[in-house]
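Each of the next two complexes has chain A plus one more chain, namely chain B in the first and chain C in the second.
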Partner chain A sequence: MTSFLPPAFIFIAGAALIPFLRGRLKQVYMILLPALAFLNLLNMPEGSSWVLNLWDYQLIFARVDKLSMVFAYIFVIMAFAGAIYAAHEEDNLQLTAAFLYAGSSLGVVFAGDLLSLFIFWEIMALASTCLVFARRTQASIKAAFRYIMVHLFGGLMLMIGILMHVAETGSLEFNLIGLSGLASGFILLGFAVNAAIFPLSAWLPDAYPESTVVGTVFLSAFTTKTAVYTLARGFAGTEILMWLGITMIIYGIVFAILENDMRRVLSYSVINQVGFMVVGIGIGTELAINGAASHAFAHILYKALLMMSAGAVLYLTGRSKTSELGGLYKTMPWTLLFCLVGAASISGFPLTGGFTTKSMIASAAGYEHITIIWMLLTVASAGVFLHAGIKFPYFVFFAKDSGLRPNEKKLPRNMLVAMGFLAFMCILVGVYPQMLYRLLPYPVGYVPYTGDHVVGQLQLLMFSALAFFMLLKYLKRTETLTMDTDWIYRRGAHILVSFLSVPVAWTYNKLGYVLLEKIPNVAIWISKNPLGAMKIGASNVVVSMAGDKEAKKALQKAKAAYPGTLKEWSISTAVSIALVIFVVYMILFFS
Partner chain B sequence: MIKHLPALLIVIPLLAAIITPIIGRIHWVLSWYTVTITTFISFVISLSLLQTVLLQGDISYWMGGWQPPWGIEYAIDNLNVYVMIIVSFMALAGAIYSKNNINVEIDEARKPFFYSVYLLFVTGLMGMVVTGDIFNIYVFLEITSLSGYALIAIGKKRQALVGAYNYLIMGTIGATFFLLGIGYLYLMTGTLNIADLAARLPEFYQTKAIFTAFTFLVVGLCIKLALFPMHFWMPNVYTHAPSAVSAVMAATGAKVAAYAIIRVMFTVFEPEFYTLAPFNIQPILLILAVAAILAGSIMALAQTDIKKMLAYSSVGQIGYIVLGISLMSVNGMIGSLIHLLNHAMMKGALFFVVGAVVYRTGLTSIENFRGLGKKMPLSMAAFTIAALSMTGVPLTVGFVSKWYLAVASIEIGMWWLVPVILLSSLLTAIYFWRIIDAVWFKPALGEESHGHEHDDHQKPKSNDAPASMLIPTLTVAMLCLVFGVFAYAPVSLAEKAAVILLK
Partner chain C sequence: MNKIIEYFERPNVGKAVRYLFYASLVLLLILEFLVEKHPYFPWAGFPAFNAVYGFLSCAIIIAVSKLLGKFWLQKGEDYYD
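Take a look at the complex of A and B:
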């Protein structure tokens, strides 16, 4: 027997106990659980174990190799930080869902076959829906419903893909699939929904900001990154991913700059950052995959850190619109400090996690001589700094003083500890990247701290900072502009941005409304009395074609009486139907 | 003695059915003991037959020592031993369950008769499964049907009489069709033994008499099976019959009819028949199956009475079974056979739970299920598991059968069936979610108003069903999970059966 437990089991079984514990014991338990899982990880030898023979197939619950290990490490670290951050929380739904969610993500990462992957995939969708739902406001309940609909759709695509894959190859193993044929297309589509690949990305900024303070922190880490893992495993080197990734990066930046809600800004930033990883996977060389994996590692650290600081602000002020915040640096120095570390990290300042990881992807593009990708990635780095690195901290903590004086002492101590921990990790990875590089799937010969790289990166950052402060007044949301001679370029830029973003946003809203609200509601209406609904539908058509007033009235009455009582079929109908079927058979036989 | 086990399978319940009402005169509980012991013996015999079939191959038992084409043969192979175990197990579970359940749903004086008819019903089912003679199938079919009508009508509800009457008409037409089909077969071949028929039929495959025979047999059995759109008798029957009866009929009656269809379509007639037929027979059954799957799920959504909802959901599930049959491939047949097991388990468990709710509250509307999670936690846990299995959640047996059906339909190039299967799973999830949501997350009716104040100190008392009802319910529900994970045993048996059937 093997000497370790699959970490997914530790979390999932552990989650079941949470509702029964109280007070300090519960806090300790929640923090110990990821620590235990971490020790367990250290003990996992490479290879496949925990194999369950399920009828004809083998389910592999622990396929351990370097690619799965690097994601497992960061997931466990994230769960640890998240548990600390959530220690004050008393809502059992959130805590149980969060642990279930982390556990199922680990399950996906260690799944050696497509079926157990699918099982954990669905648990993940369910648990994360609970996290969105847990805020229990009208908006979050609706968002949770839309969220689960999108993920059920994604799961459905994945299931269809897996079924076709099994029918084609006869094997359930999850290895490099590569985009060829319908089966892999469906699987890719299923993964793409979770990776929030544009245009399947609208669910992310829709749902994440509606979640609770704790929920958003967990959400930002797991769903997209498990999808990055599955893409890296199954679709490394699929060229289309490179272009999709670039689209995600640009889309994320544009919308993050336009957005006002701080957690929504960060959500768009998730899409943007995942775009970098997807580009890396699309390039598919060893260096690029390393880059994607290490960037996922660093990104979880700093995005969670940023989400935590946004959560802390929300916790104290109850507001999340940047236009309503500002000047918080006076009373929330620690949060500001940690936030700045995260911001520096996401923008890739030297000595932080972002610097040592993101540039790997750009270098991979450089080595492969995919010039346009390299250029776009470099430009995008500036954009990231603009929206996440400066915009978020500036408008929340500085900018115009909003007069809010939240007392940081009222913030639960554990939240600050969690932020401190992640800030430390960000810097650790930045200062001592070899530690992370050793974990990566392929041997790393990459050296981040060369003179031209450091200088180049600093130049890039300084110029975009300059650009930010020069363009500051246009970046403020909800402020009217004063007209002047600079109208043309100022307005022009604005119109250009609107031109790009408005149709996209409009289509999303319409599509989302029709697919996720209108159609389900109609389906529910019809299901109340299918036959009656069909009758009303038919008479609707008739009335609209040639309807007099009486017919309209009759229709209205029918609609009002709906669903009414369901009609019972008489047995004579049944006998006649049986006879009809009999006759059909006979005619077919004798003709 | 061991040699005569196949005959004892029929003889013991038949004799016990005669004794039951007599000793029931002393006290009705004695008849319950008789039934439980008898069905238990049947179950044990089925298991030992399974062992024999697995170790020594097919069994051929000659009734009264007469050699097969002339005498009646009981032929047992992988297929019918599989169905036999499902039937005898569910009959046993139903018997144990009925002890307390019928207290509220059947008059005191009728209890011994109920048990007598119950045994006849089981006899008929076991007979249909075990026999290797097609006329014998008809005879046992009639025994099952007649005792079935009585079982439905024996309850306290007056509406049950109408349901039973409708069933009587439809059932008789179905059985008559079946008999006419047999008549044509006998006319052409001069034999009634299934193995003998299978050997003699091929030379007549192109004749009109055989076409007619096939049509009569299939349509007749489809009526008995309640395949959409010939299902009209079923919802009322399941709704108004006593819950124990609904459970056992849903779990066994439809299964045996499905078994008979498989036997007729793939043993009496051989796959060659379908290639020689003047038109492609497959699409008709396939279309009916797809219509059944979708219509059953949609109709189930519209119901407000839980028993009726379960009945319509059975219409959909029967669609799955027929779907697998109509695919005419090994994986499809495996899917179909696993779904037989699956549906027997989960529909049995669901009706058991509904019976327990009726026992405690006397009501069957879905509204009434609100807040039951706190009052009847164990029953509701069983309900939830069965509902998950019905939806086809991985690690339940429902997933295994749907998996095979989906793989089979992709294999033969009908990939459009996959969305149908998944869509219907989604619909299933929706109509069960309504109930699960009401059970676990909503306060009970009439308790919302003063809920908050006494949240802490006035927890609703757990008032679960009595043990004699809980034990079979939970066992069956757990089996949904057990066979979902350790599906190897039923799948390997089903695979052997499927390979033999489709050669």
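Take a look at the complex of A and C:
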């Protein structure tokens, strides 16, 4: 046997114990579990192990290589930070679901075959739905229902794809698939739902902001990033992903600018950031894949940090609309400080994780001389700063004073510790990127800190800030919701149903009348006197072809008299006829 | 921490921060001439390219988003209820 456990098992088995623990012991247990998983990761040699033979197929629960390891490291670090942030939480549903969720994500990352990948994929969908549901408001229950429907659809696409793929290739192995043929198309579609690739993206900003303070932090990290991993593994260099990624980036920025709810702004920003990774995967060179993986790493750190600070504001004020917030810097300075580190990181300021990772993707486009992609990525870097880097902190902590004076001392200490930890990590990755670069799938020769790059990036960002403040009056917050592609199932479906209801109901009624009334009645009528009925039928045909008035009258008379008096058979005759038929049947049967 | 906040709330400091911001913009434009450039595309090496590009793209993003929102995407908060 091997010297390590698949990390998914540690989390999933560990999650089962959480409801039975109480108080301090529970807190310590939740924080120790990811720490244990981290030590376990250090002990995992490259190669495939934990193989289960199933008929002709192999289920591989631990395929360890550099690509799976970099995602595993960040997932475990994230689970650690999340566990600290959640330490005060007493709701067992949230805690168990969160650990199950983190565990199944790790299961996907280490799955060497498509079947175990699919199983963990579905556990992930279930656990994350529980996290949305756990807020237990009317809005969150509805959002959770929509969320699971979308993910069941995605899972179904993935399953169809996997079945077709296995039928075609005869192998369950999960390696580079590439977009060719229907099977790979379905698999890509299944991955695309979880990666929130536009237009399959509206579930994310619909559901995440409805979750709890703790739940949203976990949600922001795992689903989309496991999808990024599976895309990087299965579809690296698939050109269409480049364009889909660019669409996500632009869409994320536009909707984040229009949105009012702070956690929804950050959710659109998740789509925007995942867009960068998807572009990297689409470009598919070594530098680009490194960029996508390292950006996923840094992104989880700063997006969780931003979600945590938004969660802290929600925890203390009970509000999440930016139009109802503002001026919080006066009483929440630590939250503001950590939030600013996250904001600087996501925008890609030098000395933060965003600068040392995101720029790899743009550079990959630059080296390949894909002009339009490079230009749009650069626009997007400015746009990220606009919506996530300035808009979020500015409207929550500064802008117009809302009069709210939440007392930061009432915030559970562990929440601040978790934010501090992630802020430290963001800066660590920014100042000492070699630590992360060593973990990346391919050798890195990339040097982020050149005078040209630092000055260019700062120019881009500072002049974006200038544009923000000059156009501030156009960015006034409005109390609106923004129509997204979820319109199709939240509104469009209603309209479709009301359109369809008339023809469908008409067809249903007609069919019922014909099948259940008309046809049986005719059968009854004929069986009353089959011979007479045939006669009437025949004369009907004759009369309609060449009949005079008298013939018509005679027919009507016959119809009125139907069924008439039937010839009565004596019992002996009837028995004799039956006997004859029986004898004929026997002869036919035995001859 | 509270002292820092009080310090920043003084009116003169607010003004100073703004001037510092403008000064940093100018400084960045000057610094550009002191570093060795290696742009991916020849036109990306023009002086102040990044500054102009960043400013314009933000302005365009804001304008396009707002127009889309106003005429199409933004609805009342009870739209789906």
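A few points about this structure:
We adopt the following convention: the second predicted complex is superposed on the first by the 478 of 591 C-alpha atoms of A that agree within 3 Å, B and C clash if a C-alpha of one lies under 4 Å from a C-alpha of the other, contacts with A are read in each partner's own complex, and residues count from 1 in each chain.
In this section, a residue touches a chain if its C-beta (ideal position, glycine included) is under 8 Å from a C-beta of that chain, and two chains touch if they have at least 3 such contacts.
Because the structure is predicted, anything quoted here is derived from the model rather than measured.
In the superposed pair of complexes, A:Trp374 makes contact with chain C only, with no contact to chain B. In the superposition on chain A, A:Ala558 makes contact with neither chain B nor chain C. In the superposition on chain A, contact of A:Val51 is made with neither chain B nor chain C.
Applying the stated contact rule after C-alpha superposition, one finds that A:Leu36 touches neither chain B nor chain C. In the superposed model, A:Val584 makes contact with chain B only, not with chain C.
Applying the stated contact rule after C-alpha superposition, one finds that A:Asp452 touches chain C and leaves chain B untouched.
Of the two partner chains, chain C is the only one touched by A:Val254; chain B is not. The residues of chain C lying in touch with chain A in their complex are 1-2, 4-5, 21, 24-25, 28-29, 31-32, 34-41, 48-55, 57-59, 61-66, 68-69, 72-77, 79-80.
For chain B in complex with chain A, the residues that touch the partner chain are 166, 169-170, 173-174, 177, 208, 211-212, 214-216, 218-219, 222-223, 229-233, 236, 277-279, 284, 288, 298-299, 301-303, 394-395, 400, 403, 406-407, 410-411, 415, 418-419, 422, 426-427, 430, 485, 487-488, 491. For chain A in complex with chain C, the residues that touch the partner chain are 253-255, 257-258, 329-330, 333-334, 363, 366-367, 369, 371, 374, 378-379, 382-383, 386, 450-452, 454-468, 471, 474-475, 478-484, 490-491.
The touching residues of chain A, counted against chain B in their complex, run 52-56, 115, 118-119, 122, 152, 156, 159-160, 163-164, 166-167, 526-530, 563, 566, 568-571, 573-575, 577-578, 581-582, 584-586, 588-591.
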